[in-house]
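First, the structure itself, so that you have it in front of you.
Letters are used for the chains, namely A, B and C, taken in the order the chains are written, and counting of residues starts over at 1 for each.
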Amino acid sequence: MLKFQRKNFFSLINNSYTDDIIKIIDCEIRSKRLVNKFKISDVSSLDILRENSILFLDNEPKFSKLNFDNILLITSKVKIFNNKKLKNCILVNNLNYSWNTIINHIYSHEDDLKYSDDFIYNNNSYISKNAKIDPSSKIFNNCVIGKGVEIGKNCIIKNNVVIKNSLIKNNVVICDNTSIGTTGFGFDSRKRGSSFLSPQIGIVIIDDNVHIGSGCSIDRGKIDYTYIGKNSMLDNLVHIAHNVLIGENACIAGQTGISGSVVIGNNVTVGGQAGFAGHIKVGDNVIVAAKSGVTKNITNNSVVAGFPAIDIKEWKKSIIRQRKNGH
Amino acid sequence: MLKFQRKNFFSLINNSYTDDIIKIIDCEIRSKRLVNKFKISDVSSLDILRENSILFLDNEPKFSKLNFDNILLITSKVKIFNNKKLKNCILVNNLNYSWNTIINHIYSHEDDLKYSDDFIYNNNSYISKNAKIDPSSKIFNNCVIGKGVEIGKNCIIKNNVVIKNSLIKNNVVICDNTSIGTTGFGFDSRKRGSSFLSPQIGIVIIDDNVHIGSGCSIDRGKIDYTYIGKNSMLDNLVHIAHNVLIGENACIAGQTGISGSVVIGNNVTVGGQAGFAGHIKVGDNVIVAAKSGVTKNITNNSVVAGFPAIDIKEWKKSIIRQRKNGH
Amino acid sequence: MLKFQRKNFFSLINNSYTDDIIKIIDCEIRSKRLVNKFKISDVSSLDILRENSILFLDNEPKFSKLNFDNILLITSKVKIFNNKKLKNCILVNNLNYSWNTIINHIYSHEDDLKYSDDFIYNNNSYISKNAKIDPSSKIFNNCVIGKGVEIGKNCIIKNNVVIKNSLIKNNVVICDNTSIGTTGFGFDSRKRGSSFLSPQIGIVIIDDNVHIGSGCSIDRGKIDYTYIGKNSMLDNLVHIAHNVLIGENACIAGQTGISGSVVIGNNVTVGGQAGFAGHIKVGDNVIVAAKSGVTKNITNNSVVAGFPAIDIKEWKKSIIRQRKNGH
């Protein structure tokens, strides 16, 4: 996994120690066990554990060998809380609510009125004073490049492109009216609306030699990142949701949508207007036909079609059967 | 129904009395009956009747108790014209043509070269001198906020957002590259092209605490408004057509499209890439699975899937049958 | 076919004679036959042959009567190369690779760091000094109009619109956040990524009285052009790929996507979220229902639905069968 400095994108607006966290979510706490005290300086995921951080966790984890001395674990699951190896642990009623409260206390982000950035108008675009753009790269007109963003060598960012909360490597082309690093669609299904939006404090990483078409939206990760692998190509009006990881050499045709936390392997080809349900895994060398709806994991080297997507030969047979049936 | 001042968005470019209207569409008129003379100051729909207005109507109405003293009704239906309660009525050959001619005579709108607005460049965005934005709200870079627009308290309007012909209430978040208040796709199917576009002189109303993703398009109403209810959430690249009414707490995933005049109840959840045919009604607490094509009214508490969308259990059974058939 | 001056959009960055071309792709050449020497000043397609040009061709052509004296043909097909009528012909290993190498040598285009344009900020938009806009047309705010672009009379270009590599005729309306003339999704499927993108040096032509909605993307042609015929109307979030030709009076609803090189006749109506596979032909007066996936040529006056799209009556019957089967 790649590392990034969260504070370059999301300012720490309050110094918080483990004790402070308890005060903030006081009414949510069912039980707690705090052996060590430390200053919270980041947020962890199971994929990327960070020193002096909070880890929000409700999934059954495999963390037996991990050192949790300087991680504060917050969970709503009694079974997790009861694992005595976890020295610093809070059992809460509602993990989403705790996430919202704690993250909004610690960080400012763009869906929060406290957020700010400081731009200069340079060559017809707004560039944050805290963005780093290699001078070999070209930015066309009416773009916005937010704080923390780094753009590597020989990139071309066309017109009216918005890039925030993102690291762009080398030789990347991003076409007109595309938005990168936007807010993921994360929320508690019971409490809707912008005020209850789950704060999204991850980023987007776009690796070398990627081409992104016009009118696309790529949401940033919730904690870690949304990733587009080397040499991958996205056509126009493609939607990539938060936490999606796409491997190398992907080719994704127009108007395809990939839901949150999907993991896609290397050398994958996707036709236009295809859709992927959240949290599924797609193997290497997979081909997904246009207009497919992929609802389950897909193994390496598969060719799938239809909705729900199945092996393309099976799909073709089922289409023939449907249509012959009447004759 | 909510009220709004049409003239804040669409200038009255000609003072027109009932007699003037007759001259403008003279060659379209088959018969007329004018008891009262008055100055036309607005346009009515059956949902919102306004004083001193014109009402264009071809649907069989239920207006027996309404006062039509100061409403000029225009219809192409003899049956409606023959209702003697209607004191001021014109029978025309073609209602669309009459709409286009009269509205283009009375109003200027953004699809008309006579339209104008007066902007100041303020904090990196173009804000109309006739827009009202609460100082607690934040507008990022490269936005355009048109005349008549009101933005309430604590809203966040991100980068490259265009908002015209709209009222935005409080705590609303609108993400990058989204367009609000755009022109509805209204036309006479026999006379196509920009010159014959049906003038759209309604607005968009976005209620409190709504979140709208990036790259979305929300068209304004034709006469009244397109409405997004409190606490509703739209993901990225969502298309909402003219006159759509969406209730509270809607959650609509990416790349979904809702056709003109659809009415959606409260607490509705819609998966990604779903589509809704025009003029249908969707009840409260409905769940529409991803990639569904909803073609008929949906009753409260339904869960539907497929295209045409049916009860999700039936849909799942039909998928299993299709695929088992060959084995 | 319409003519346009390629050099207005894509600068010739190297004077190249037939001999130079041989040096550039030296390692790709299997055989060559050069009778005439001339300076290369353009690129041909079989549809538009140009003087002193290169023609890249791997399809079996019907060019028996054409004069190839001043055309340099490049092919990877021995059968084509062996046609002795072709006086100037190079047999290469890989046509895509040769296209990329030669075009990137001759032309600069926007996906290349050598590309440049020269803008003035005029009435709140960036207009290239080498664009021609009729003074009767209106351009709203935050637009970018690139070099070579011509905009005819009485057009309305709304906010945050990007138009490059395009000719816009008269009475055209283009709505907010739309991108016209963007880069087609052309690549060699074995070598992916922005560095191997197939250079696209064609344009977009939008004919009289066309209406284009918000958030659309229209890619330019690879060699010739993408064309939208008179009086055609595109709704919001529509994707038109490279080389697509659309006839007069088309009406294309929201979120529809049309893949590369599709040819669509006159008076065609397409519902929302429909998709078209590449390189197919759709006749006149065709109606394509919403959410259809059109995978084959469609004859005049057809009404189709479903995926793969078939006659709508057959589709409706097959839906009824599927759903009755279980009862």
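The criterion applied here is as follows: contacts are C-beta pairs under 8 Å (C-beta built on N, C-alpha and C of every residue); 3 or more make two chains touch, one makes a residue touch a chain.
Source: prediction; values computed, not measured.
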Copies chain A and chain C - rotation angle from C-alpha fit, nearest 5 degrees: 120
Proportion of interface numbers common to chain B and chain C (over half same, under half different): different
Distance from chain C to chain B - Cα centre to Cα centre, in angstrom: 34
Sites on chain A at which at least two other chains make contact: 142, 160, 177, 215, 237, 255, 273, 322
Touching residues (chain side chain B, partner chain A) in the complex: 124, 136, 138, 140-142, 154, 156, 158-160, 171-173, 175-177, 208-211, 213-215, 230-233, 235-237, 249-251, 253-255, 269, 272-273, 290-291, 319, 322-323, 325-326
Chain C residues within the chain A interface of the complex: 110-113, 119, 121, 126, 142, 144, 160, 162, 164, 177-179, 182-183, 185, 187, 189, 192-197, 215-217, 219, 237, 239, 241, 255, 257, 259, 273, 275, 277, 293, 307-308, 310, 314, 317-318, 321-322
